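Per-chain residue numbering starts at 1, and chain names A, B and C are given in the order in which the chains are listed.
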Amino acid sequence: MTESPLWPLVVYFFAVIALVLIILGLSSLVGPRSTMQRATIEPFESGVVGIGSSQIPISVEFYLIAMFFVIFDLETVYIFAWAVAFFELGLFGYLAISVFILILVVALIYEWKSGALDWGVKKRVGLRE
Amino acid sequence: MSGLQLQALLPIITLSSLILIQMMFIAFARNLRLTVSISVIALLLTALSFFPMVDHLPISATPLIQLDGFALFYSGLVLLGALMVTFLSYDYLRDQGERQDEFFMLLLLSCLGALILVSSNHFASFILGLELLGVSLYTMMSYPTRGLFTLEAALKYLILSGVSSAFILFGAALIYAIEGKLGFTELAGMNHTSAASGQFILLMGSTMIFAGIMFKLSLAPFHLWTPDVYDGAPAPVTAFLATVSKGAIFALALRLFTTTGLIDLDPLLRGLSFVAMVSILAGNLLALLQDNVKRILAYSSIAHMGYLAVAFVVAGKAGGQIMAMEAASYFLFAYFLTTLLAFSVVTIMSIADHEVDTTNLGDYEGLFWRRPALAAVFTATLLSLAGIPLTAGFIGKFYIFSIGVAAEAWLLMAFVVIGSGIGIFYYLRIIFAMTKAPRTDVKIEIPTASGWVAVVLTVSLVLFGVYPSPIIDLIGELMISFG
Amino acid sequence: MYDLIWLLPILPLLSFCILFATGGNLAPRWVTMLGVGSIGIAALIVGVIAWFWLTTGMREPYLYSLGPWMNVAGFTPTFGFYLDGLSLTMLMVVTGVGFLIHVYSSLFMADDLDFSRFFAYMNLFVSAMLVLVLADNLLLLYLGWEGVGLCSYLLVGFWHAKPANGAAARKAFIITRIGDTAMALGLFLLFMHLGTLEIQPMLATASATWQTGDSIPTIAALLLLGGAVGKSAQLPLQTWLPDAMAGPTPVSALIHAATMVTAGVYLIARTHELYLLAPMAQATVAIVGVATLLIAAFTALAQHDIKRILAYSTISQIGYMFLALGVGAWSSAIFHLMTHAFFKALLFLGAGAVIFSLHHEHDIFKMGGLRKKLPVAFWSFLIGSAALTALPFTSGFYSKDAILLAAFEHNPWLYAGGLLGALLTAIYSFRLVFLVFFGDVKTEPSAPAGPRMAVPLIILCFFSVVGGWIHIPVDEVFPVVAGPSHEGPVALITPLIPIVGVLLAYFLFLRRSLDFSGFFGSGLGRNLKAFFFSHWGMDWLYDKVFVVPYTAVARLNQSDAVDLVYEGVANLTSIFHSLIAFTQTGQLRWYAATMVAGLVLLIAIVMGIV
């Protein structure tokens, strides 16, 4: 089965590991050792000094909407694929995509009813206060 | 698409539409009892929807789905497991506040994924089922807010599953690159047709698919996630993961490798033997001094999957595939019963404690004095896991052993024996802990639904341990219509 | 008619089961009814069977088959009960004497808290003894043999609250086990060579297969003898019997005087054809008998404890039976077995009555002058001792006389030993009588025991006197030996010696006209006395030779050397566990990395690189 010799692969494997080790090792050996100074921990050693924290609160709804966007966007891709081949797929394709869209509609209704689409004021049912 | 083919899709259609209905009910009339009732009805209806086609097996509905006796058996197991987990989860989640309904929807979705997996005959449906099963499972794991590590478990499982899915996809891609086909049946005998370089890539691809499946089955060396996830996940979800998820994936693996003929490839079997041996050894050794009951069960499941892999290897080696598949199926059946029962005991114990799951061995001390019936049930389970006669676990292990001996796979058998020997130690450790003097005399309430689950499973465990022939006959009958 | 014998072991067994199952919750009245009644019915059945046997001509051996026990690889032992003259004689002794002792016990043990347990064990014993006696198969006999051993153990240690009793029980059990092991080996040997253990066919085959003096039958006979000396407390396994006196007195009477200890005699008599093939083994039997009877008789002379004297006397008397077996006087041995059962049971029960009235006082030097106070006990003792001493016209006279004459025919030295033993027997027996019943009252007895204790004593007195006129129906069982028909000095000396012994005892212990206190006060005399008292130092010797080295070895091996292997395996497993447990870091990146590494490894294996 193994007429083509395997050892080059093995050599290659180890060569990759060796290369990585050499680069890391050399850089830690040869590279300059910086002592800890105030400037060392700053994002930029020169230029504008940053002001404030980068960790500002972003509303959770933002992520929720982003997720919905991804999901529905992806589903649009499926519908697009069907639309391209609309005539080839015929009635069966039409029925299939109807079912697909129906499921999407149900999911949308569910999201709506659960209050997932509300922004700001919590109208969501059944949330623990 | 003929009527018969449509019929073959009936279970999937039934379950899907009931999930949608349940979703609407949750949206408009949120009520936990109602939701759970719909879940139970959905599972029962799905089971019923298999019956009309029993006489017409096997049916291929589209290239993706192949319904045969094999799929039927495993679908039954999946539905049984899902039903039991539904009951357990109901008790587990009932007093955990509102908005628990979605959990049961996810459970049904997961179950749908498992059903697709067991009857899948194509890489596309394979991946589809796998992801449906997996994605719902991650959410189920992190759904209950109790417990400290649910989120950690879910994340670990999610990310590592991603790695394994990558393996599978890459493997499938390699095979497609050589053969240009993705259906299992079409791929049959592929190893005979290709040139040497193609063979090499094919082997590589199959190994990668294998590795992905091994991860899901928690076979060594892809097992490291198991204890963390078992421990972190809520007890009923762990039960689902250990039984339905693993069972469905095992069924798929069995179908994939027998239908495509990959199982006859010696190099693959060599790898699989290695995996089986390492799993048996690693699982049993890791469980040895463990003090966490859920982790012990996790390690024990690693070892059990190792035993199951032995059946797989033997199926390839001896050519006695039907026999090996019977053995594996019975073993898996026994494993289902036993594991579900073990986790139902853990669930019952955990419900009493509202903060976290009761997993510490110390919490089980004196159970014989506090709740003799529960302790007796747990003892039966552990004995079954250890493979002590008069339990289903014994018949399962005996089955594995007999095919192993028939195939003269002595090395594998040696590992099975050593593993079983080590196993008895830690199973007995739990039993001994239960006989110690109790630390508290707080009464353990047994919830109704979970209690009945435990009763039904215990009865079956002992019944099929003493009188296994009905199940063995059933399996034998169903396996005939395989392929 | 004879098929009733299957009932015999069942009845006491049934009673045992009931008593055992009720676990002491039964009223004493019912316990008595069951425990004594079951033996009574058995005795009745034996009586009827014996009546038939003796009056009608039906003296053919009768076999009641119980069917095969198991069927393993051609080994199909069939069990059955075998009735012939020998087993009938034994049946009469076991059920008859057994019944009387049970009646006696119902009063003797009345105050005991474990009354029910006592009768349960006693019934189990009788059942096992009857199995032993009736067995047609050496395997079944062995079952009974071990059964009586077990009951002996349970009953010796009956008052288990006292540790010494437990120790005595263990000693009895362990020492007899040594003999039992030899016997088991003998059974294996016989089975290997003859292919069956059914006694009659086996003996027939043995006679047909082997020549007299062959080595195999000799070894087999010696091994069986090993079992017999263990059970019958003969040299060198006799040391357990005196300690076994720790049990209740009725137990001593039933098990350690009348029945169980004579099982060895029965075994040799039952397999006498084998001994006929092995003259060497038979001679060993005789020598063992004589040596035992002398050693035990000397020891009995020096004892203080009333029951220990009787115990040594039992050992000594069974020595006579062995002597009889050894010289081929089979029926005399069984005859002496029967008379001994009567008078020794009588003596023990009499001793029990004395002990009962003296609040469990065992020391004969603290007794005295009981002749008037306890007349029934006195007369029992007098008659029992007379029979034991073999004074003319008592039952013991007929049986012992026959043995001694047969011994003389065989070998004068054996005869001399037996004769010396007879003299000693007379001295120690009447020493006991004189010290306990004559002289000054030393301990005031309570009222004598009631009729339930007195009546069995009186009945046994009767049999101790007239037992000698019973003709035991063993003529068909044993080869006919020419009856000892001596007219010469031997026939005269033999009955005379016991009388001399009694006179000696009279002068020594009652009149005290013969005084050896000077001698026994001196160093040599004291040592000699201590030597005899300690049963010739045999317990000491066994302790030093066997027990001490054994416990030393056991202590040395306290942490079992063999266990080290298993501990090693366990430790190795634990080490592997801790090694492999390092992989469970809980870190996701490590898990993902191992997955990739695992895949690489797997591919390497599949590709055949590793």
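Structure notes:
Rule of thumb we're sticking to: a residue touches a chain if its C-beta (ideal position, glycine included) is under 8 Å from a C-beta of that chain, and two chains touch if they have at least 3 such contacts.
None of these values were measured; they are calculated from a predicted model.
Between the interfaces A-B and A-C, more contacting C-beta pairs are found at A-B. For chain C, the chain whose average C-alpha position is most distant is A.
A straight line joining the Cα centres of chain B and chain C is 65 Å long.
Each chain gets one centre point, the mean of its Cα atoms, and the points for chain A and chain B are 30 Å apart.
Taking each chain's centre as the average of its CA atoms, chain A and chain C sit 91 Å apart. Multi-chain contact residues of chain C (touching two or more other chains): 607-608. Listed for chain A are residues 1-2, each touching two or more other chains. Within chain B, residues 200, 203, 267 each touch two or more of the remaining chains.
Chain A contributes residues 1-2, 6, 10 to its touches with chain C in the complex.
Partner chain A is touched in their complex by these residues of chain B: 1, 16, 20, 23-24, 26-28, 30, 97-99, 196-197, 199-200, 203, 267.
Here chain A touches chain B in the complex through residues 1-4, 92, 102-103, 106-107, 109-110, 112-114, 125-128, going by the rule given at the top. On the chain C side of its complex with chain A, the touching residues are 607-609.
Only residues 573-574, 576-578, 580-581, 583-584, 586, 588, 590-592, 594-599, 601-603, 605-608 of chain C touch chain B when the two sit together in their complex.
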